[in-house]
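Consider the two complexes below, in which chain A is the common component and chain B and chain C are the respective partners.
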Partner chain A sequence: MPDALMEIAGLSVGFPSPGGELLAVQDVSLSLRPGEVLGMVGESGAGKSLAGAALAGLLPAPARVLAGTLSIGGERIDMHDGDRMSRLRGTTVSMIFQDPLAALDPLMRVGDQLLETIRRVRRLAPAPARTLAIELLASTGLPEPETQMRRYPHQLSGGMRQRVVIALAMAPGPRILVADEPTTALDVRTQARILALLRGIADEQGVAILVISHDLGVVAAIADRSAVLYAGRIVETGSTATLVHAPKHPYTRGLIDSLASVHARKALLAPIPGSPPHAGALPGGCAFHPRCGDRIERCMFERPPLLRAHGREIACWVAAGDPSDPKR
Partner chain B sequence: MPPVATLAGASTVLLLFIAGAVLAPWIAVHHPHELASLDLSQSLRPPVGFAGSDWRYPLGTDEQGRDILSGLLYGIRSSLIVALAAVGLALVGGTAAGLVAAGRGGFIDAVLMRLGDIQLAFPAILVAMLIDGVARAVLPGVAQDGRLATLVIIIAIALANWVAYARVVRTAACVELRKDYVAAARLAGARRARIMFAHILPNVIGATLVLASINFATAIMTEATLSFLGVGLPPNSPSLGTMVAIGYDFLFSGEWWLVVLPSLALVALCVSLNLLADRLRDGLDPRLR
Partner chain C sequence: MIAEPTLVRIRGLRKSFALPDTGGPSVWRWAARRPRVAAVAGIDLDILQGECLALVGESGCGKTTLARLVAGLDRPDSGAIEFAPLPAGRRRAPQMVFQDPHASLNPRWSIGRSLAEPIRLGGLASARPAIEERIRMLLEQVGIDPGASDRYPHQFSGGQRQRISIARALAAEPTLLICDEPTSALDVSVQAQILALLDALRRERRLTMLFISHDLAVVRQISDRVAVMREGSILETGETASLFANPAQAYTAELLAAVPDPFAVRRSPASGD
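Up next is the complex of A and B:
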């Protein structure tokens, strides 16, 4: 296994609240190798976007990192350390946003936005900066990059805008890219093209990409490995193929069963009963147990740690078949 | 949206007034406050068409023989200068305050906005009178010096109006600040000042321009009211408000033109400005299109 480019250990993100800290992300550990795409899947509120924002150093105001260390290229950084994180931000770690229209200043030509970033981060003179900007746009497959430089965001289509956003994210020459729902705002055909573009960036430039999505289909299409988040914790992680074709955690199985498919027209989609818990009212034991069809008594009282089983890591007493479990 | 004919009428009136104000030194028979040019034998002449009128004074004269038309031209000139400067000042100051409030947040935001809330509890005219009064007490020359008085009244009107701009800018900036392009700019290492000026300001300025156009007529009325009450421009400076105040004394002795003509000029000016401001808002606000 090649050395990890980046490793996050024990990341917790919380919101201050009158009743104490609300934990939105708890003890999440991730690693990325160069050129690897890691998918992070979960329902709304599972904490996947916050985990990504914490990595990019862009947590929205009241949220804050409570614990976590980030190792990048042999350097260990305490994720509390705002100064160290902001030095990584926009240089080593860059970000692609969900809504490409909101991610571009509506009153600035896209070329100027790109040049602003290039000149700030790379400290280039105007002429080489311009050449680089055109190169970046061309590398995202944007047709006629010189012409597009002079356009405003509203004059571009959704897919073109997302290509500009990707060029913008690639401008500082990052080694890690956080893509938060990169294709959610796009139509299906454009989605496929943007995913292929991201895959190409990972394969050809060795950039590690963390793709955050609520859509298992997106993650399955692009990610080498995946992590499924539920109520702020990773419940199952392993290679994407393993997770999609042989899901073991009841929550992952539920996610896959609730996917609609064009090919196999299921009589009934099987939604997961209930809804995800609020961060302020997490059930005891395994956070998923109230919605779980496989639960045993132990699930209600003891939270399962990530256990190695079936060629993956899984946080489930039943599926992991923990040998220390007296009931099995 | 007002019909085209109304808009054309408003534009024509406004253009005529602006042209008259700009050209006043050349087209007016005399400066109404230049004592040497006054001729008391020509006092209280009615407008053309009434008994005792004189073609040299088409809109009549007042009790000191000042030509009403010249007074109107110079008065409109003062109104426009004061309103333009006051609105400009309020726009710049209020926008800056709004940007600072939205950008810094927390304590500074709270102080600026509560200050605005307190001020809004008093009518603008009262605030302007208060500031004007304080300035008169501190600077004794204000009552005589026309230039100084003009400056004081501009500042008073601006200070009475900045809150609206600050609020509009702060709200719009708060909305913009939450958008991803701001996060993207932060990601690229842009400093807060750079984000506020290069990204937020261009995206929020549109709303303030509409506000400024509506505010313009209010500023004219405020100046006229202050002058009418005797605390605005000094009596030796031309002002529509002062003219109305002078005419007010003759309201019951039959010299109606002294009060009616400057009032009509004020009304025509403000109505045309408001009609055009409405049109501007309709054009700029996508929700009303």
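Up next is the complex of A and C:
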């Protein structure tokens, strides 16, 4: 993709297990442009958190990268290369998680944690480092940043902690931010503010953001484009608006149809029957076929590739190959 | 005396908790002198027969405390919770379904045993065959294989465990079912299944439901009326559709505006489609 900041090609992540390797992420390819927000949507077990962690070089053992190359700023990196991936993290790629308490040292004042990071990556003297720390906190919308510097994490509200975590993530001046469920633990009003903050970081600083969430509302709030993951693979990508208003893949359609809306009661909240499969028990052919109302025989035996159709990418024999659709 | 159609009348309900001991000066370790927080600060509320009333609000607003008080799991400091008298035999204690499907079923009991207990305790059946027949019917109604009563909770998925929890709550044949964030810990596709199940069961059994949730979209889908809570008090109550369309309180409007609504995303012409 032209002027892409970053491209991941063919990422696969697995876990060793007694019966062989369990594939949690399979052949995921993504690209990000500066200032773009890409959403990655999926339910639990879809592999989205592992894909994000792999990008940040933070895969928890025993998960490991089985394949994948990362092209970033003209450089190609083998994602197996733990050392190079680690060097990217905390400099070019930053990651934030759902639970800010997990990212913050409970025994350190917030300001000291920020200063520690700044001095590690920026090599500034104490006074300019402190000024930068206060600026970073202020840029996240944290009120009274000088006072907050002296506080401990437990003294801050959930939203304030997440702002501190964002400040920490932004301290090295990263070009890419991976945000894994960044607002799931927050109240709805705080969630809206943190999402606006992230969108602002993308718009104003040209940072590319990968936002991972099971919540389509969160992704729709800030992501320009989105990828839907199911059982470790991307099943549909496209602009977020198109995915929400005109989903083509049966799973995406099922997700949209099963969502309640605050604006109106749906006459039929059509749930998808069954539940998502585990990595150790993936169905043959298309992993979604047991739950799919549109399946044909081919779906049970042959896995559909991700193909360009209807102005987006879809992995579905039935949806991608609709000959009657003039937009194909 | 409560007149129809009210099932539960709550007046002047208060409940406060002592703040936890954070190791401060020793004088605060005397419970009576510890600062208290009013979780429920004077609530008046009516729950109408056959309705689904939702309680919404941000964390710490007191909705779970209020639910637990109505369920009889905690005792109020003051105020009254009155239940309407119903035809003999129908009035049974409110039952509750909790948020975490992994923590609400005794892991060492088969699900059959977990369902048998409320049946026996509620005096609904005592002979083994009658109990087992009720268990089979309950499991079928919630969409669980009726032959699975010998299995243990860990053998089921989160969504299935939530169905079993619902079956357990219904086993005692309550008139009031209290659901505290019953779908929040579930995957999106499973949430819809559970909501559809709760809705169907409510209509079939003419249950009254008190539904606690932070998720306004879910509340819009399932409830008839809604009460908005903040800091231990109810700010406003009304029919869900009209309250959401025209909230009287600025706080309610803020909550609604903040909901990340996927359907609100607009098509952007520059998207490249």
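The criterion applied here is as follows: the second predicted complex is superposed on the first by the 317 of 328 C-alpha atoms of A that agree within 3 Å, B and C clash if a C-alpha of one lies under 4 Å from a C-alpha of the other, contacts with A are read in each partner's own complex, and residues count from 1 in each chain.
In this text, a contact is a pair of C-beta atoms (placed from the backbone, for glycine too) under 8 Å apart; a residue touches a chain by one contact, two chains touch by 3 or more.
Quick caveat: nothing in here was measured; it's all calculated off a predicted structure.
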{"item": "Joint occupancy of chain A by chain B and chain C, clash or fit", "value": "fit"}
{"item": "Which superposed partner A:A56 touches (first chain B, second chain C, both, neither)", "value": "first"}
{"item": "Partner chain(s) touched by A:L107 [first = chain B, second = chain C, both, neither]", "value": "first"}
{"item": "Partner chain(s) touched by A:P276 [first = chain B, second = chain C, both, neither]", "value": "second"}
{"item": "Superposition-derived comparison: chain B or chain C, residues of chain A touched", "value": "C"}
{"item": "Vertex chain A, arms to chain B and chain C (CA centres, degrees, nearest 10)", "value": "70"}
{"item": "Contacts of A:S157 with chain B and chain C, given as first, second, both or neither", "value": "neither"}
{"item": "Touching partner for A:T117 - first (chain B), second (chain C), both, neither", "value": "first"}
{"item": "Least C-alpha distance (whole Å) that remains between chain C and chain B when both complexes are overlaid", "value": "6"}
{"item": "Chain B/chain C common contact set on chain A", "value": "none"}
{"item": "Interface residues, chain A side, partner chain C - complex", "value": "43-44, 187-189, 191-192, 195, 214-221, 224-225, 238-242, 244-245, 254-256, 258-266, 269-273, 275-276, 311-312"}
{"item": "In the complex, chain C residues that touch chain A", "value": "58-59, 157, 159, 187-193, 195-196, 214-218, 220-222, 241, 244, 254-268, 271-273"}
{"item": "Residue ranges of chain B in contact with chain A within the complex", "value": "179-181, 183-190, 198-199, 202-203"}
{"item": "Chain B-facing residues of chain A, complex", "value": "56, 58, 89-91, 94-95, 97-99, 102-108, 113, 116-117, 120-121, 165, 168-169, 171-172"}
